[in-house]
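As structure tokens, here come the structures.
In the two complexes that follow, chain A is the common piece, with chain B as its partner first and chain C second.
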Partner chain A sequence: MNELVFFINNVVVSGTVSSSIYAMGAIGVTLVFSIMRFAHFAHADMMTLGAFFVLGLTMLFPEVGVAVGLPSALILMPIAMVLTAIVAVGIDRAFYKPLRDHNVKPIVLVIGSLGVTLMLQGLIRLFAGTGSRSLYIAERKDIFRLELPGELATRPIVITEPQIILFFCTVGAVVALHWFLTRSRLGKAMRAMSDNPDLARVSGINTNTVIAVTWMIAGALATAAGTLLSLDVVLKPDLSFFLLLPIFAAAIVGGVGHPYGAIAGGFVVGFAETLAVFNWAVLLRPFQDMLPAGWELPTYLAFVGTEYKITVPFFILVAILVWRPTGLFKGKVL
Partner chain B sequence: MPLLDAQDVHGGYGSMNILNGVDLAIEAHEIGVIVGPNGAGKSTMLKAIFGLLQVSQGSIRLRGEDITNVAPNKLVQMGMGFVPQEYNIFPSLTVQENLEMGAYIKPRPHTRLLDHVFELFPPLVEKRRQPAGELSGGQRQMVAMGRALMTEPGLLLMDEPTAGLSPLFMNEIFTRIKEINAAGVGILMVEQNAKQALGIADKGFVLAAGQNRFTDTGQNLLNDPEVARSFLGG
Partner chain C sequence: MKLSAMPQSRRDLLLFLTLLIPVFGVFLAMGPAYGARMSVEAACYAIIALGLTIQWGYAGQFNAGVMGFVALGGVSAMLLSVPPNPDFWNSDLPGELARVLLTLVAGIALVVATSRLHRLGVSRRIRTVLTVGVALIAYLTFINQLTPVASAIESQAGFIGGMGLPAWVGWLVGGALAGGIGYFIGHICLGLRSDYLAIATLGIAEIIKAFLKNADWLTRGTATVSPLPWPTPGAGELGFVLSRSIYLSITAVMIAVIFFLLHRAYHAPWGRTIRAIRDNEVSAAAMGKNINKRRLEIFVFGCVLMGIGGAALTSFNSIFDPSGYLPLNHTFLVLAMVILGGPGNNLGTLFGAVLVYIIWIMSAPVALFLMDLVVMAGQAWFGWESAGNLDSRALQARVFVIGLLISLVLRYAPKGLMPERVPHHR
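This part shows the complex of A and B:
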């Protein structure tokens, strides 16, 4: 039973956590691609930036969460989402729009977004330093230990407060996005522009508005993902380094330009990573007694070591580009 | 005052000039038809009128108001509609969503406008929840025209509305075009099927190499032996 608990803690819980983060990031990447047709490399840095906005706000108002019993960072997150949405629109106006207006090839925009990546990383370090920070300033992280009934399980299932919040935020974001894309006027205009930008213009859709809304959604979701990840682990300026590859892998696995695919892709990549670093030897331990004396089961049996976790999305990415470049959901070819 | 009046229009893609001084004018309630060989610049002219490419010289007026290089979404608000030659539907949107996109600038609900389009194109009713990309060629063309009609335009531009359709569908579309026109919509369209199109045209324009070669009533062009010899296949 303890082995099962170990599996739940290390695969089910932690897989859901990274999958949710990747999904929220990948939705942004895929939406930006479907509207503007370029791979936005600065997206992971928008996640970091959003989380740093939350840090700044939490340092200003460390006590706001105390009254409601939630982390202050979470209460302040919506404000940071708005701030990041504004910054995202500003970055577009300042750096990407002039390029678009010159009808440049998509690759030029991609290189431009690499420049924005470097700029954001520099700015974050300039204002917030290089160290790791906790988003818990005035309170402590709640950790829930669920004891299983019965004799066999002596260890509890461990879930932290930010993990629970993350899960509900992801579900909320997905439901809201679905409603937006299928029911609202602007959401349908976004799908229309993704299908056929010229015809969208001919239909009277203001494509600049659609572009701005796309950046707002991408910036807001990036902030939520970055903040919840930082609440769960820690906030550091190079967070994006570990997010960029899995997020792009998720977007491509799901089929670029396909928001629901991005969610599925996030879960494929998140769980593939978690399963690849999981120590499967633990699950074999109960069978040790059945083996003849002298036979030892290995104590460590994982596909890759934890420190090489980042190679997993890389391999997924290569495999999908080789065998199914349109992704699981028939997206656009990057 | 003409509904649409384009004079000496020059323009093209980037620095490449395709149009070298095109003139065309139609009155309200008229059908204007542009014919001419492949690559003459017919589609380019419609795009120039609809603000989809830069006009470098000349002027375009709608009911006397200058609309040269005005953005497409503004033109839609001024009562113009455009059905492009290809890629003229949103394939992943349902038929109804395609039509709703046409009425993007109109206050909701769009029930009356939708009913009007479904009346004009009855086969679309049962396909309304289906992605438009799954429809047959003729039905896609109906979606494309329906989308443009959702704003109740006073002037409708159409680029080869019957291209690639079977003769049966072709006649069907021509009938619809006459109906739309009879309801008071001015029409300017490009057609490959020159004889049939000039037959319903009040004004005809024969373009070649980005310039007018002949401009007259549809009937006169049909009867002109020189036009017939060089552009209507004898």
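This part shows the complex of A and C:
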């Protein structure tokens, strides 16, 4: 049973955590991809930027959360989401809109977003330094240990407060997004524009508004993902290139232009990563007695070492591009 | 006369003459040894940038993983030119390593054979499942054999050492290695939209770096390998300025040869085909051109150039440090060089390489100077406390400067300072 607990702690919990982060990032990427038709490389830095806004606010008001019993960073997150949404719209106006107005190829917008990535990274590091920081300033991180009933399991299932918050936030974001895209006028306009931009424009949809709303959603979700990730681990300014590949892989696996596909893709990529680096020898250990004498189980049996975690999203990406470029949910191949 | 109204050749000449000012400025301000080092590094970057300009400028393929190909060039320059490691060759480890490599070859052969099973009448679905299964088993066997041998090499000999060959052999092999990986990536992604190529190259670059950083038996990982031999007499014999100048002349000859070959290729039917594919894929296909093959060719050629340039750069720095390969220094800097100079214009790319490299190395001292000014003013007027670590923060100004440069160029000079010259035949 201890092996099973180990599996739950190391695969189910941590897999869900990274999957939720990837899913939230991938929703933003897939929305931008389907509405503006370019791969937005600055998305991971938007996450970092949002998390740094939260850090700044938390340093200003470290005691806010005490009254409610939640981390102050979480209480202040909505303000940071609004700030990042404004910044995202501003970035679009300043850097992407001029390019769009010149009718450039989408790949030039990708290069533009790389320029934005570097500027954001440079600014963040210039002001905040390169070290890692914790978002818990006045409080401590709560850790829950769930003891399992029965004699067999002696070790508890460990889950932390930010992880629980993360699950609830992901579910909330997904439900809200679903409601927005299917019920509201703007959401329907977004879907129309993603299907056919010219047709959407001639039917009287204000494409500029749709684009601005897309950036707001992307910025807000990026902030949420970045903050929750930094609450769970630490806040580092150089997250971006390690997050970018899994997020893109998730968006493409889910099918570009499908927010629900992006969520599924996030979970596929997140769990594939966790399962690939998991040491399967631990789970096989109880069966050691059943093996014939002389057969030894290896002590370490993982598909890739932790240091090569980044290869997993890459090979998922390659496999999906080779076999099914539309993604699992029949998205677009742009 | 306005700059944009000039005939292009005069404009190019004027731009190059203007470029001499910052070059001499660096020589005067930082001394000739520093200036010579900067020139050699700019020349190596120019070779890498020529590789990117044929991918992005000639063919419109965007490679966001230049760093990976540069690192491949670097590792092969290191492995071929560093003297052999007697600890490794005198033990029984080479035999074991050869056995592991044989397993790898056998595994690959088995996987390829399985993937051909449909020719024997096995249905395609079963073949795919079988291939994936065989590949997994072969991979796990290989890893299980490699791990003990690798850790034995690490504990007994440090790393496998080099081959003691001349440095230029390593450069050529580096180009070939980068081209091979480029073939693999291009084969998968070139049929799709260019965004996917950018994402995939970004990924492969990080993977190459992770491999070089963690394969201690091959590269010593973070312990770094130094010194790497130069193909020319080193600084110990001739002094910094002279030895660096000789190195510079070698890279200059390489650039001249590459430049000549590219110029011929660009104006040959092959180059016209490439441009036709870039500008209008559909009509090029209608003319009967083999689009995917031409694209793959140019992608591989670009990667070869990046490998050679990266090898020359690593040899010059005389240290192989896998964690020293950064996306910023080796991907985005090159990108800025290409789009500032003029994608598709080789002369412009050389111009961009030198100019951006000067901006790059000068931005940290200038930023430090500015920050000192601000802090001093702050202390005098408002009584600020200095934040300390200003040096490391000023270094980060480079990141911002390169990003700003890319954004500004895309906005105000989308064709670069020396736009591609499209020949018009009457």
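Note that in this section the second predicted complex is superposed on the first by the 327 of 334 C-alpha atoms of A that agree within 3 Å, B and C clash if a C-alpha of one lies under 4 Å from a C-alpha of the other, contacts with A are read in each partner's own complex, and residues count from 1 in each chain.
The working rule: contacts are C-beta pairs under 8 Å (C-beta built on N, C-alpha and C of every residue); 3 or more make two chains touch, one makes a residue touch a chain.
In this text the structure is predicted, and so the values were computed from the model without any measurement.
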item	value
First, second, both or neither for A:245, with chain B first and chain C second	second
Partner chain(s) touched by A:201 [first = chain B, second = chain C, both, neither]	first
First, second, both or neither for A:183, with chain B first and chain C second	neither
Per-residue touch tally on chain A - higher for chain B or for chain C	C
Partner chain in contact with A:140 - chain B first, chain C second, else both or neither	neither
Contacts of A:129 with chain B and chain C, given as first, second, both or neither	second
Chain B and chain C contact sites that coincide on chain A, given as residue numbers	none
Residue ranges of chain A touching chain C (in the complex, touch as defined)	33, 38-39, 41, 95, 98-99, 102, 104-108, 110-112, 114-123, 125-126, 129-130, 241-242, 244-245, 248, 252, 298, 303, 305, 307-308, 310-311, 313-314, 317-318, 321-322, 325, 333-334
Chain A to chain B touching residues, read off their complex	185, 188-189, 191-192, 194-196, 198-207
Chain B - residues contacting chain A, complex	50, 52, 71-73, 76-77, 82, 84, 87-93, 97, 100-102, 104-105, 108, 147, 151
Complex contact set, residues of chain C against chain A	60, 62, 64, 139-140, 144, 188-189, 192-196, 198-200, 202-204, 206-207, 210-211, 213-214, 327-328, 332, 335, 339, 389, 392-393, 396-407, 410-411, 414
